[in-house]
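The data blocks that follow each hold one structure.
Note that chain A is present in both complexes that follow, paired respectively with chain B and with chain C.
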Partner chain A sequence: MSAPLIEFAQVTKSFAGPLTRSRHQVFANVSFTVHEGEIVSLFGPSGCGKSTLLRMFYQLTSWDSGRITYQGTDITSLPKSARREMHRAVQVVFQDPRNAFNPRWLIRRSMAEPLKLFKIVTTNHQTLIGEKLALLGLEDGLLDRRPHQLSGGQLQRLALARCLLVSPRCLLLDEASSMLDLSVQARMMELVKSLRTDEGISVLLISHDRDLVQAMSDRIYSFHDGTLSTDIAHTSDSSK
Partner chain B sequence: MTTPLVAMHDVNIRFNTTRGWGYAVTAVSADVRANTVTAIIGESGSGKSVLGAAVMGLLPNNAEASGSITYAGLELLGLTDREWDQIRGIELGWVAQNPASSLNPVYRIDELISEAAIHRRRIRRRDKRRFAADLLTKVGLPAATGRNYSFELSGGMAQRALIAVGIGLDPPLLILDEPTKGLDPANYDRIRDAIMDLAGEGHTIMLITHDVTLAEQVADEIWVLYGSRLVEQAPKQDFFATPLHPYSQGLLAAMPSRGLHPIPGESPSFFVPPEGCPFVDRCPYAVAACHELKTPSHPTEGRSVLCLLH
Partner chain C sequence: MSRDSALRIAAGMLIAVAAMSLLAPVIAPASPIAVDMSLRNAPPSSAHWLGTDTLGRDVASRVIYGGRGALAISFGATLISMVIGIALGSLAGWFGKFTDTAIQVFMSIFQGLPGLTISIAIVGVMGASNLSISVAMVATGWSGISRVVRSQIRNLRNEQFVEAAKVYLPAPGYLIVRHLLPLTMPTLVVLATQRMGRMILMIASLSFIGVGLQPPTPDWGVMIQDGRQYFAQQPWALLGPAVMLFIASFSVARLGELLRDRWDTFSDDAMAVR
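Our next item is the complex of A and B:
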């Protein structure tokens, strides 16, 4: 069996207290894997460390012990070019979409940013962006607005559309549908499933909506008291 | 049959915006019965919160409302600010949508909870902590929370503190706007239990939510708003067993627990004057006459649906 696309092995994280030298352990010995073409979910209450795990993957926060690998290689020892390729291949939609768009830029400029960053060659950037917006039921007219003129749900869909521009192999979705109406959430999740089926994209879904993770996931990992365990003997339609 | 506490007749609300008139509520006629929980469900922009704000007299200046909304026989549309002062908070309580922006961060929680009672019930300032402590306990928070500021509370705690503010003067009617938005399961359960406790104490509750599961758990009556119109109104059991309007059917089918089936098409524009059924462009059963549909049908007692199929 090939190495998992993403693996967290025995990862422990603690934060320093604000006023004392004592440290607060968020979770200990957390291990999970995401293989090619899988939809895996992390489920747990607020503050259990779900989003912190994502931040670790991008080395936006440190960890005390354990190992995080991408395609079998420790992410801390990846050469710069490989790390850059990983950042293209593994795209993330963070929890708060308002922080994902520069408030001073038009949406059009924010959307084109990853195409420039990863030097994606297309005949027409705007056509590609329009195609991705259409997948999520968004109108081109939104491109000429600024983030404060859009709803949280529209920004969440724009954030996912932006991820898709760079043809990712894996999507990390952190409460990515929390601001969506039911029918719009259903549409986004249908798209995610079709991306997995048609293009073999892996998905790590982070949510505290139990019904949603059960409907979507091949495997569910659940946080309990600072430890992560495989939750619920689980098979969904999506895994068939 | 329980008497209506709030009666709405042909309520229309539109907003004068820089892009023209925006239509938020169109031809809504319905009653909220006393001692019941009425859940108003629908998508963002369907008019749920605007309808709640109209009942509370909190519409912004660019809103134009017509029709009639009565509370215990008193016409609410057109009341003066002085008249609103006599009933807002006392007869009608409002728990706003976002605790982070609805709780003033420079006051402690007990000051926020007791503020209305100090002015309206003339409780003494030195008694405010005890007054707030009782209300905090009622919504399941430690009494000591009263000494905190809103930014020191988690989302779930802040939401419960906001409910404590809303019930400060023990109003018979409570309007809760998206009380479980963004909460994790533990906090969700606490808020749901607090709502059920309030209903058990005899409060009449209008619950504005896009969380269909919450509505199923706590409501007696369901109103479904779509594209500014009330497309279905039904007792909870009837609604979840047999939703009649095609939009209601699509909404339930889109729930994760019912298969995550999306509804094809897009919601109607806020700026297009609504005529006929607002779901007509997405409805698989639509016929030409749907564009002209003005009034809901009444297939059974206590249930109405804006659809030619029924």
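Our next item is the complex of A and C:
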């Protein structure tokens, strides 16, 4: 079997406490893998460190020990160009949609940003953006607004649409549908599933919604007492 | 008075002062430095709107010319202070750690300097000239700006949209210039205008105590000093430049505050990020 797309191995994380010498540990020895074409979920109570795991993957926060690998290579030793390619291939929807876009920019500019920065070559960026918006049931008119003029659910869908623009191999979704009503959420999840079947995209799903997680996932990892374990019950009944 | 009309008045005053200074050679009725000993201390008349001073020079013309030096120097020095303050403040706020500590130490050396005293020292050492006055203004001006920029960048750098952009391009230059600094724009405008207002007054103070712009240059600070001794006989020689000085420094600083307020209403709840 080839190396997993993403692997966390025995990762431990603590934050500096309020006093200079004290540290408080968020989790210890967390391990999980995401293979090509898999939908994997992280499940756990608020504050257990799920969002922190995502931030680590982009080295937005440090960790105490353990290894994080991408296609078998330690992410800290990736050469610059490979790291850029990884950032394009693994797209993330961060948890707070209200804060996902620059508050002063038009959505149009925020949407075009990854296309520009990753030098995506298409005949027409605007057409591409329009296509992705349509996939998520969003009007083109939203592009000429600023973030504060949109609802949380619209922003969440825009955030996912923005990920799809750069043809990712993997999506990291942190509560990406938390503000959607059930029918819109169902539509988003259908889209995610079809991306997996049609394009082989992998997904790491973080959600509080147990039903959603169980309906979507090939594998579920749950946090208990500061560490992560596979949800045995689920793995057995939905093994591929 | 509504905010808009206040804004218009402040802007109008500033434009008037700037236009007057720029167009001085065209609108001044006489030369600001031509001495006429036969016409000393003349009261206001149709030929000399504000009378003449002790050397028989036309006070109105001197008032019209009198802002040119101070306005040009304070404008240039404000720009340079902003560039230095924004650059160092951004670096300190973004990188933190050693960079921050080093810049903070450097900053606090300058911050601790007493403004006018150090300006006198700089001008004293370098000799009075436009250059030395500019250097003094920048030396006492940049650190306050850099302190504010640093704290704003620090607050913004961990916002989620910045982290998202960091995933796209982890280049500090791009993130600071495109994402963060535009968000601090309202604050920067206020900082710049307040700084410039203060510089106008400080340059006048230097001229007043005789170390800034030198006579016979027509300068409001110089004129206030000259007019002081003869205030009882010819109050116009002092009041003219004093009023102009007040209008110039006040309208600049006020304009900045009004612009900031207007900016805030524009974006109302948009600026959930301060």
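The rule is short, and it goes like this: the second predicted complex is superposed on the first by the 232 of 240 C-alpha atoms of A that agree within 3 Å, B and C clash if a C-alpha of one lies under 4 Å from a C-alpha of the other, contacts with A are read in each partner's own complex, and residues count from 1 in each chain.
Keep this in mind: a contact is a pair of C-beta atoms (placed from the backbone, for glycine too) under 8 Å apart; a residue touches a chain by one contact, two chains touch by 3 or more.
Computed from a prediction, not measured in an experiment: that's the story for all the values here.
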{"item": "Superposition on chain A - do chain B and chain C clash or fit", "value": "fit"}
{"item": "First (chain B), second (chain C), both or neither touched by A:Pro45", "value": "first"}
{"item": "Touched partner set for A:Asp209, first chain B, second chain C, both or neither", "value": "first"}
{"item": "Chain B versus chain C as contact partner of A:Ala16, first or second or both or neither", "value": "neither"}
{"item": "Contacts of A:Leu60 with chain B and chain C, given as first, second, both or neither", "value": "second"}
{"item": "Touched partner set for A:His148, first chain B, second chain C, both or neither", "value": "second"}
{"item": "Touched partner set for A:Met189, first chain B, second chain C, both or neither", "value": "first"}
{"item": "First, second, both or neither for A:Ala134, with chain B first and chain C second", "value": "neither"}
{"item": "Minimal inter-chain CA distance - chain C and chain B, angstrom", "value": "12"}
{"item": "Chain B and chain C contact sites that coincide on chain A, given as residue numbers", "value": "none"}
{"item": "Chain A-touching residues of chain B, taken from the complex the two chains share", "value": "43-44, 154-156, 182-187, 210, 212-213, 250-251, 254-257, 259-263, 266"}
{"item": "Of all residues in chain A, those that touch chain C in their complex", "value": "55, 58, 60, 87, 92, 94-96, 98-104, 110, 113-114, 117-118, 146-148"}
{"item": "Chain B partner contacts - residues on chain A that touch it in the complex", "value": "45-47, 137, 151, 153, 178, 181-187, 189-190, 208-212, 214-216"}
{"item": "Chain C residues touching chain A - in the complex, by the definition given at the top", "value": "159-161, 163-170, 179, 182-183, 267-273"}
